[in-house]
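What follows is a group of structures, each given as structure tokens.
Heads up, the next two complexes both have subunit A, just with different partners, subunit B and then subunit C.
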Partner chain A sequence: MFTFNEDRSLFPRHDEKGKPIVDVESGQFTKIWQGPIHPGMTGNMSLELTIQGDEIMDCVTHVGYLHRGFEKLMERRRFIQCFPICVRVAVPEPDFNEYCLASTIEELSGIEVPEAANWMRTLLLEMSRLQSYLAQMGGQGSSFGLGLIGQWTIWARDLVLDRFEEITGGRIYHMHMPPGGVRSLLPAGFVGRMNETLDEISAVMEEVERVLFHNSVFKKRAIGLGYIDPNWVDEYGITGPNARAAGVAKDVRKDNPYLMYDRLDFDVHLEYESDVFARAKVRYRDILTTIDLIRQILPQVPTKGEFMAEVPNVLHWKIPYGETYKRAECTRGEYGYYTVTDGSGYPRRINVRGPSYTHAVTLMEKMAINLNIADTAGVMSSLHTYPPEVER
Partner chain B sequence: MSLKDVLMPFTAWGNLFKTPVTIKDSRNVEAAPRYRGFHMNDADKCIGCGTCEEICQNAAIDLVEVAGYEAKDGDSGLRPMIDYGRCCWCALCVDVCTTQSLRLTNEYKWISSDPEDFRFVPGVDEKHWNNRTEGYTKMDGYDLYSTQRVEMGELHAEERDKSFVEMIKGYSLEQAQKEADRCVECGICIATCPAHMGIPRYIEAVRHGDMEEGLRILYETNPLPEICGRICTHKCETVCSLNHKGDALSIRWLKRYIADQVPAERYKEILGTDKIVKNGKKVAIVGAGPAGLSAAHYLSLMGYQVKVYEVQEAPGGMTRYGIPEYRLPYDMIDKDIDYIKSLGAEFQFGTRVGVDVPLETLEKEYDAVFAATGLHLGRSTRVPGSDHKRVYQAIDLLRDVSYGKEIDLSEKIVVVGGGNVAMDITRTIARLQNKKYGKVGVTATCLEAEGSMPADDEEVIEAREENATIDPGWGPQEIIVENGEIKGLRVAKCLRIFDDEGRFNPTMDMENQKVFEAEMIVESIGQGMDISYTDNIKEKLTFGPRGRIQVSPDFQSDIPWLFVGGDIIEGPDVIHGIANGHKAAKGIDKFLKGK
Partner chain C sequence: MKEIVNRLKEKFPVTAEIYQRDDLTFVTVEKKYGVDAVAYLKEYEGFTHLVLLTAVDWLEEGEFQLTYLLNNPKAKHDIGLRVRIDRETAEMQTAHHLWPAVTTYEQELNEMFGISFPGSPRQGHRFILDEAWQGPPPYRRDFDTKKYSEETYFPRPGRSKIDPSEHMKKKLYPEGM
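Here is the complex of A and B:
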């Protein structure tokens, strides 16, 4: 039996390109697949793990289980027809796709969106952020065996979906921000019901704070786990809470304000420990900030007035040559759409920049090394990645 | 790690005493009032335009034939069938629906073991949500295409009330393209247009700024685009799907725009008609109106030697001698006709077939004859006094104006009639009076009440702008003549025009009468035909209602060499004439090739 007596952090050795040297044929390693169907995965992707004992020596991420080719499909759709497709790029948080796509098309067509629509969009994006964070928070607890958190937060998320249903007519795919504006303003009595929902979620969050963040099991497992070096942030293109928990203040809403964010008062929350616990704390504080932001936005959304700019006939809407990149801060980090138009009635190219790609594919490969296999689900969950967004 | 961290999670037990949030039977959960659930279509309101099918990015919608709905003007007779295997409930079909008949209900529960069930025709197939009123509908405040037409520039009333200068200015390129952008390409118009013009295709050409292609498309079915682009009765616009929630597309003005943009000298090159191979056969056409011209055009293209006999001094028929110049300038008529002449069609003017040339001569000299002599006889009201010499027929006066003859005007004139011809003569008289007397003293009256006059609404509005008086809803009873001079027209209030069986049988309220003062009366209650040139062969022809000669779908009469079309068969209007002429040309070709 081979025993490794050197400093374990040096194992496995890396070649000059930084790739771990693992000789699977040597009989010293076991190869296992975590995913694509695995409760510890955050969706349809898998980790090909090379382990020794219960320690991960090498990790290769595999995607391709969820490739629907939306970017390519959109090249064969009229601009308005991209709008129902794009939401499916990131299933649990679709609104950012709607916003980014619409804003690129609007910029390339020179359409100015009415202010009421911008308020509505800001509200919808914050509501989307809230429900996405709540789902993640449940997943984060569950990945360490704390299933109760998920039961609470998924219920709380459903309350947000109820409110979405009221405005847009849909729970998951809202399809409410076509290029040009939004499809409606708020229904009657919405503000009161939304405030009630926020009260209920605040109460849930207080419990989550007690049960998750003052939980010896969670602390023991999460503190110090899944460390992201602040130096990796730029190297790996890390954004969002993953960067903020490493002490790097990155938030598109502050760095490059869009919609109505420059008229809202909020802070960017930083942690410095950069472990699973720190990331969970950043997200927890973000949820509270989002609740506060929604409370700030609600009274400012106009109840009447124009909510959709005049758009060309959508059946033969052509956009002159141009390219642009528009971004927004989603729960995972910087979300962006790069759209190229060529004067035809179809986009020449749409590229979706989803933060999950960098976090789930490249960063996870690096972070998995020397991890205990029991912790992969927790680390994966703490990166908050959505495989549909990786593959588009 | 502290003791607190060990104990704190146990606070979760506090939830044990709360009411569970779990819904025991989720089947009873009602969706939000604007939930995007199953489709519902008001099939009676729907016109089967297919715009929903066009916008659906998943191809989940197919337009299908359904029982109980037949194709008719303004309705394709088809209705959308939704495939729930493909639908993603984006509701773009609802947003784009031209009639706003399609909506989504807030029902979302539907169980069936047969997958085929999930392809259904909403509003036609019986579904348990058909009576639901809640659900997603498009909000007011936006549209996915413009519902308002680009306004057409026209001369103001004070600029045009003394002149015969064309009052419609025409679109600029930018305006034309903006207007063309509104088209949803449903094609409902194609079916209704008597000539079945490729309307969405030429409108697309305008959008692309390709007027040459536009002209090619126009000439496929209509060789008089300048004329039609100005005075067509535009049945296409009446049925335009955009008409249901906004303004119909300005199809006529866009057609005019294309024709206006291409100079006449480029027609042959663009239309590829430089070299026509003659087939040696000869066809005579009687009447140089739209039908005759259309036949002459298409027969010339097929290689026939065509000669057109016309009683007037210039070609155009009713377009030249019945429509005032402010609506249709003569040089525009000439532009269309000069091109037809350039294809080799010969014209002989001032020749009345049946008088100057017997029909038998044409039979001998030509392989086939197409008669399209139009409606040039005015109809009289036959009320007492209508035989007075100062009672005129509108059509005669309009012809005289076209010839440049001086009209013996009076200061007060009454026009009897409410159709477009009545408006033409009213507005013509208004201009002439304005020139002569500096004021307008013309009143038009008709049986039909306000709002149901047969004339186009804009004609009535514009006539009023030009200070003509339009006083509809009166039936003429007597022309009052004193000392040999007309003093006025006595009228009675018209209660209804048609009887219970739908026959023309006006009922008057004789208690409610009044007199329109006038020194001259113009009758404009329709025109009749003069087909006396067929007298010698009458027994070989079959006549239908109103003395119309019966023809086959190819416009062939019972005498094989004689084809008949235009206003004396169908219409009366320009586009029917054009369509008749085209079909007759094809019929003649079929007949002569089979000979």
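Here is the complex of A and C:
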């Protein structure tokens, strides 16, 4: 077998300043576009790859295929009208948008949320985390040709969506946490059914562990692939499982506890290899933690009591001048809303801080260099990016 | 937090400070000290994680507010450094040498708000908008989306429009009301 002996990190040739010389006119390079419609891409974005042979020399991320201007739309709407818009920012995980927007509005207008509502929110966020992780796990397997994992985990995710439907009436977009509290408490008999679902998911996860993490194809391709240096974590603003797989303990639930997380017992899992395999392992252990957390939360959610605070008439709701930032830990990392109000009935500015903003653009462009084009999909899905967050 | 703000005050003139929460403070500095203050907070006070960089359009005052939200991962608190810049000239020093990720933020602000960051890579390159975009920066508050789309986009020629009320009137009362 032919192997390269030279230092591949210096390939292609560099000038004196260390900048790679990629001359597309020389005829040695090929430019190909991966995306926007490509099975290996996570959503509608594209990578403009300059390749030599099958090795990537240069990569530029292109977004804009999904831009709907949510931030601009929200500036022209009343606070309650922003609420059905914000969930569309992250399709597979809308609850974090609801929570972050609601909590910034509550903080700026000085509303205290009842405890029962906080427990409900914690439960909904953890359920949302569970279903998002399950979908990602399937995508991670599929990107290396293991389609079976996806079939199992998407089935398991559907069970969680059924439970969501019971509480909120919606499967994907729930809109259950308006500013002030939640729309309802748990329906009768929910705890038993949720526990059954968790048992089923635990059984599936045992199978996934056996089939994915002991699979020789996955191990051979994923170990050592897509290395993230721990020093990059602050430079590139990496958060969530991508940082935890590099040995950096970053978890908003532990660092700045919100809702009821300071009363729950859980650990932050770390891995140190910082490759695709380590990131998949961190996510797998996070799924088990989430199942455990839901089991802890369920008996503590009150069955009756106040679950909505007094809020002003939503059609005439004015919030005085102020600005704040609220964050939550979603499956990809730190999710946050920066809200500025100016005393009128409309927000002055709402800025969404999605973790994919740095992961999919600056980090992916750096990681793609010297990567084999066949591995791009695996690295991309291991970063767990969603394009709508980048272009809001 | 108070000590950090006091130390910052010794170095740079701080014009406003708001203690929003125990772990979140907003301070305002003048434009010429903006990037230096960010660099100081990063290098000496441990605010190594850039959470976000964004702009707020204060149209009535003729100013943009740039917010650099920084996080200290060890002490677990945030500081929002605000800089007011003039809306007409809309120019700010670049901070891409501090974090590589800033390049993307500055590219987006350049495109969406029309704020220029001289020296920052990818200024003027399209990020979210279409390559053929000719209009003004769309996230400015004086950009009217509806007016722009009515002026720029038009229905396909030869397309006939049916007004529902007229159509029903004709259908139900062919001989007139």
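Operating definition for what follows: the second predicted complex is superposed on the first by the 378 of 392 C-alpha atoms of A that agree within 3 Å, B and C clash if a C-alpha of one lies under 4 Å from a C-alpha of the other, contacts with A are read in each partner's own complex, and residues count from 1 in each chain.
By definition in this document, a contact is a pair of C-beta atoms (placed from the backbone, for glycine too) under 8 Å apart; a residue touches a chain by one contact, two chains touch by 3 or more.
As the structure is a computational prediction, the values presented were derived from the model and not from experiment.
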Review point. In the superposed arrangement, does A:36 touch subunit B (first), subunit C (second), both or neither?
Key: neither
Review point. A:302 contacts which: subunit B (first), subunit C (second), both, neither?
Key: neither
Check your understanding: Just subunit B (first), just subunit C (second), both, or neither: which does A:71 touch?
Key -> second
Check your understanding: Among the partners subunit B and subunit C, which is in contact with a greater number of residues of subunit A?
Key -> B
Practice item. Tell me which partner A:234 touches in the superposition: subunit B (first), subunit C (second), both or neither. Key: second
Check your understanding: Which partner does A:224 reach: the first (subunit B), the second (subunit C), both, or neither?
Key -> neither
Practice item. Mind working out whether A:340 is in touch with subunit B, subunit C, both or neither, as first, second, both or neither? Key: second
Check your understanding: Of the two partner chains, subunit B (first) and subunit C (second), which one does A:351 touch, if any: first, second, both, or neither?
Key -> second
Exercise for review: Mind sorting out which residues of subunit A both subunit B and subunit C touch, each in its own complex?
Suggested key: none
Revision key, fill the gap. In the complex, subunit A touches subunit C at residues 63-64, 67, 69, 71-72, 75, 107, 234-237, 250, 255-256, 322-325, 327, 334, 336, 338, 340, 348-349, 351, 353, 357-358, 361-363, 366, 391
Practice item. Name, in rising order, each residue of subunit C that touches subunit A in their complex. Key: 18, 20-21, 23-24, 26, 48-52, 54, 56-58, 67, 69, 73, 76, 78, 80, 99-101, 103-104, 126-130, 138-139, 141, 145
Exercise for review: Spell out the part of subunit A that touches subunit B in their complex, as residue ranges.
Suggested key: 77-78, 80-85, 148, 155, 162, 165-170, 173, 175, 178, 180-181, 183-184, 187, 207, 210-211, 214-217, 219-220, 306-308, 310-316
Revision key, fill the gap. The residues of subunit B that touch subunit A in their complex are 1, 4-6, 8-9, 11-12, 15, 21, 31-36, 51, 54-55, 57-58, 88-92, 95-96, 104, 106, 135-136, 138-139, 141-142, 144-146, 181-185, 204, 207
